[in-house]
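Two complexes follow with chain A in common, the first pairing it with chain B and the second with chain C.
And then the complex of A and B:
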């Protein structure tokens, strides 16, 4: 199903752009020698991962899961319990939390399958809010509003954290891109566009929706536990509205149903955060206003138009220097 | 609280207290939910900023009456007008271009709600603000002493809801609203301008939410995060009552208000917030069309 036709592959300006961006991401710690900035970039990678997992649900299956924070929170608390009470190391808690998150995805997903639109959004939101309240009510094991602190960090050096998060993010993005560009992706799109028609041609829509739920909740919980380990803390705030709103702002600004988009959205949010650090608390306000403007003027997000613009530029430059590859015709189409 | 004293008199007092405090909660929820159900039934816009209007009403009355020291009546009218204007502006600038896309309006209004929360947070800080009671003193009702402010909430809410009922069922504009909510195309064929009606109802719904906020401001203190829980409760009530059904919303508001108060009195106030969430979850899973809704849609 993930078969890639290597004969059809040709090196276009888009791939050149991707290589440049990747090279840049790997070289950042050498260019900016500031552990504080590295820590900020780890958060960018974490939010990017939340964004792409959310995008799989929203952009490819049309499931507006308002309570996406549920999976993040389950992952964070699962990691905290496994690490603090059972003494599991971080590299083991992350996949296990992912599986626990997928289990929650199954529990929430099965009753939510019949629901669409607003009902799904509110049901998932109610589930997240119930979990948040339960965490506060059972404060003898969850430490209530304070949350659990003192988790093992992934590494004490931010440079290792950065490379770990970057490589994991690349793997996550790669997996999701493979999924959405395979036959499964087409099926998901058909469910998103016209579910009844998809059923009519014999697609088991429920199974594919559940599969999306499972993948997305696994990723959300996996990265939730990564975040808990990185911050060495798991608090009830991860279930809350702010987390959910931030995740979908990142997704919308970057571009819905692109998978790569949310990564750009997350980095934009982080860069803006740094540029506006002097202004302090107004940052979130400005980001919300920018999100609204982008959503009204540029509903497909900022990343896709940027890619088209830059890769066209790159093609023109390479044409000038005659570094043409054998597939000029192909790149013109793409 | 209930079982501790074995006296019958105490038990009756608790029942009466539940009746009165549940009534106050239901009145507030009903005002919030009616506006929401009207706009959901009319334009299929699931306005997550509805709770923000409630918050703006509460902060509006605080600003005008406490900071600017203007009379209470002016504070009432000013806050209602400002909130209605904000709602009209939002409808025109942010919601109309989305052409009723469900995810779009959901996210747009949610971001707007966050925006208002941030604005309030920056202007007034995170500390709760208390507005002094509009009328002081306590009223003794069947042996239970209730703050007069809470009774004012119930009275104003009852008058407003009755007035709204008469307005919708008896006037020409009310008929136009109902016709647009049943069939926008047929309504426009008989000469109803659905755009203006939708704008009007947006303003009306926002001022209802603001009125609820104004009335609540002296009872509960106002804080920047006060929009979220009432919003969830209003949505629960709208879905429990059936989308677009005003009567269903009133019935559902009574159910939610009283079950919450009973749980708060009998078990603990800490879990009373969970009641709404559990009701919401159960209704959505078991009967998405609600009590008075005829068809499932969303």
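And then the complex of A and C:
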């Protein structure tokens, strides 16, 4: 765990791999000079953030909040109201939207604490569906099914949007990794494993579940707000089934209980979706088949096995260099 | 001030009397067996004492304070901890982390301050003989080690009253011996313990007093020698013809 590893930290092949991936992500705009691609990568970063926030709930507390789109939608509409009606700039609407999302998380979280599994999934999804209907009903202020358009963008330049989303994603991932690798993370895992046993050793399970709800809903709403500013639009679709399923798939494909997994899942699924766009509606079928194959072959997600595979390769390569250097050194001595 | 006082405790489930007017007192440092046939209400009584169930009627006072209405985690912080009949380890955490998390959960209380959680967890593992298994996942442990891990998790909460629910169930003779010596050591160090157990021969070697429940009613309370010859107890275990069988 984090509190142990800090004392025994040593640079491993996994850290080298992380550095290479980071370097690659920062150099992408220089390698691919296409603003359209940069826009797709921004969406990948946004869905990655949704995925890691959802993973905190699903993977670390066992809360299957299928209606996670609720928090995304609250964030998107909060940003739209704050920006369009109150004139707040995006850098301010995002944290404020996050706080409003956390308030919704509290409102939804308290009654949902008694629910588990499918019941929680359905209750949270019902809450998202109610919000979707409310947005359509109050069309005087929400513009109904059309949604609210004309939000200030974070930047008109997609390259700036890309770097903003990437840096914020790194910060979000870092914060969540710190949480799950801290003592709180250990407690969350124990609740996820055996809630009754966690209570029996003195853990206030409801408080920790609520804390997770608050963090996750804040992040979901913050990034929902980012998405609304990026797209310059907030529509009722963000509350819907499509958003919920996409976030769920990003997390499962990437790997539950990993935090970094959904980042890989988002990049794979969002990019795959774009690559298949050229072949029309058949792409949905191919998209679904590829996803099912991933579920069947790598139930733990794609990211962890990839990390193990690549970092093992890097270690072998470094060992070969080490042996060569040693033999060169030995021959020089002799 | 009584250490533990249970007064006219009742628990009814829909159409079922689980505990009826159970009353008993416990002195600090006692080691007591709680026995009775299946369905007698023993585990229900443990669940009432630890806040997992709320009683229908009655009083439970621990060190002079009522613990009625407290949640399980609050009762743990008061100093009562229980183990489960079927071990419930945190299966994705190592043995060491299983104990660390139990220590961490109680760090905010005054009794938990001052020493590192890891150091405390290591001490407990050392004392209970789990040091070699510290990095192992619970899934790789034997049934005996799982039972010891259950005790270790409970000890990590620094209890004053330890409730052990069938600690010997499913264990081999040697594992029972190992766990028996652990329980005796804990008792000698001043811990108050109540043990639910069906293996009466092993239980009677450890405890100084036995409480017997049958259909939720306390039918006997005394030293092991009295209990083993008590007609009501024999009938509860062997049926109405039991006393003649036992006397023969």
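Going forward, the second predicted complex is superposed on the first by the 314 of 334 C-alpha atoms of A that agree within 3 Å, B and C clash if a C-alpha of one lies under 4 Å from a C-alpha of the other, contacts with A are read in each partner's own complex, and residues count from 1 in each chain.
Just so it is clear, a residue touches a chain if its C-beta (ideal position, glycine included) is under 8 Å from a C-beta of that chain, and two chains touch if they have at least 3 such contacts.
Every value quoted in this text rests on a predicted model; they were computed, and no experiment measured them.
Student: Here chain A is shared; do chain B and chain C fit on it together or clash?
Tutor: Fit: chain B and chain C sit side by side once superposed on chain A.
Student: If we overlay the two complexes on their shared chain A, which of chain B and chain C does A:292 touch? Say first, second, both or neither.
Tutor: Only chain B; A:292 stays clear of chain C.
Student: Which partner reaches more residues of chain A, chain B or chain C?
Tutor: In the superposed model, B touches more residues of chain A.
Student: Going by the contact rule set out at the top, does A:119 touch chain B (first), chain C (second), both, or neither?
Tutor: Only chain B is touched by A:119; chain C is not.
Student: Pick one for A:320: touches chain B only (first), chain C only (second), both, or neither.
Tutor: neither
Student: Check the residue A:31 against both partner chains and state whether it touches chain B (first), chain C (second), both, or neither.
Tutor: neither
Student: Have a look at where A:189 lands relative to chain B and chain C in the superposition and call it first, second, both or neither.
Tutor: second
Student: Could you look at A:201 and tell me whether it touches chain B, chain C, both or neither (first, second, both, neither)?
Tutor: Once the two structures are laid over each other on A, A:201 reaches chain C alone.
Student: Specify the angle subtended at the CA centre of chain A by the CA centres of chain B and chain C, expressed in degrees to the nearest 10.
Tutor: 80
Student: Where does A:245 make contact in the superposed view: on chain B (first), on chain C (second), on both, or on neither?
Tutor: A:245: touches chain B, not chain C.
Student: Chain B and chain C, closest CA-CA distance after overlay, in Å?
Tutor: Distance of closest C-alpha approach: 10 Å.
Student: On chain A, what residues does chain B touch that chain C touches as well?
Tutor: Residues common to the chain A contacts of chain C and of chain B do not exist here, since the sets are disjoint.
Student: Along chain A, where are the residues that touch chain C in the complex?
Tutor: Residues 1, 3-4, 183, 186-187, 189-190, 192-194, 196-205, 257.
Student: Applying the document's contact rule, which stretches of chain C touch chain A when the two form their complex?
Tutor: Checking each residue of chain C against chain A gives 50, 52, 71-73, 76-77, 81-82, 84, 88-93, 97-98, 100-102, 104-106, 117-118, 153-154, 156-157.
Student: Quick one: in the complex, what on chain A touches chain B?
Tutor: 58, 62, 64, 66, 111, 115-119, 121-123, 125-127, 129-130, 133, 137, 241-242, 245, 248-249, 252, 281-282, 284-285, 288-289, 291-292, 295-296
Student: What residues on chain B touch chain A, complex-wise?
Tutor: 46, 94, 97, 102-104, 106-108, 110-112, 114-115, 118-119, 121-122, 228, 232, 235, 239, 270-271, 273-274, 277-278, 280-281, 284-285, 288, 298
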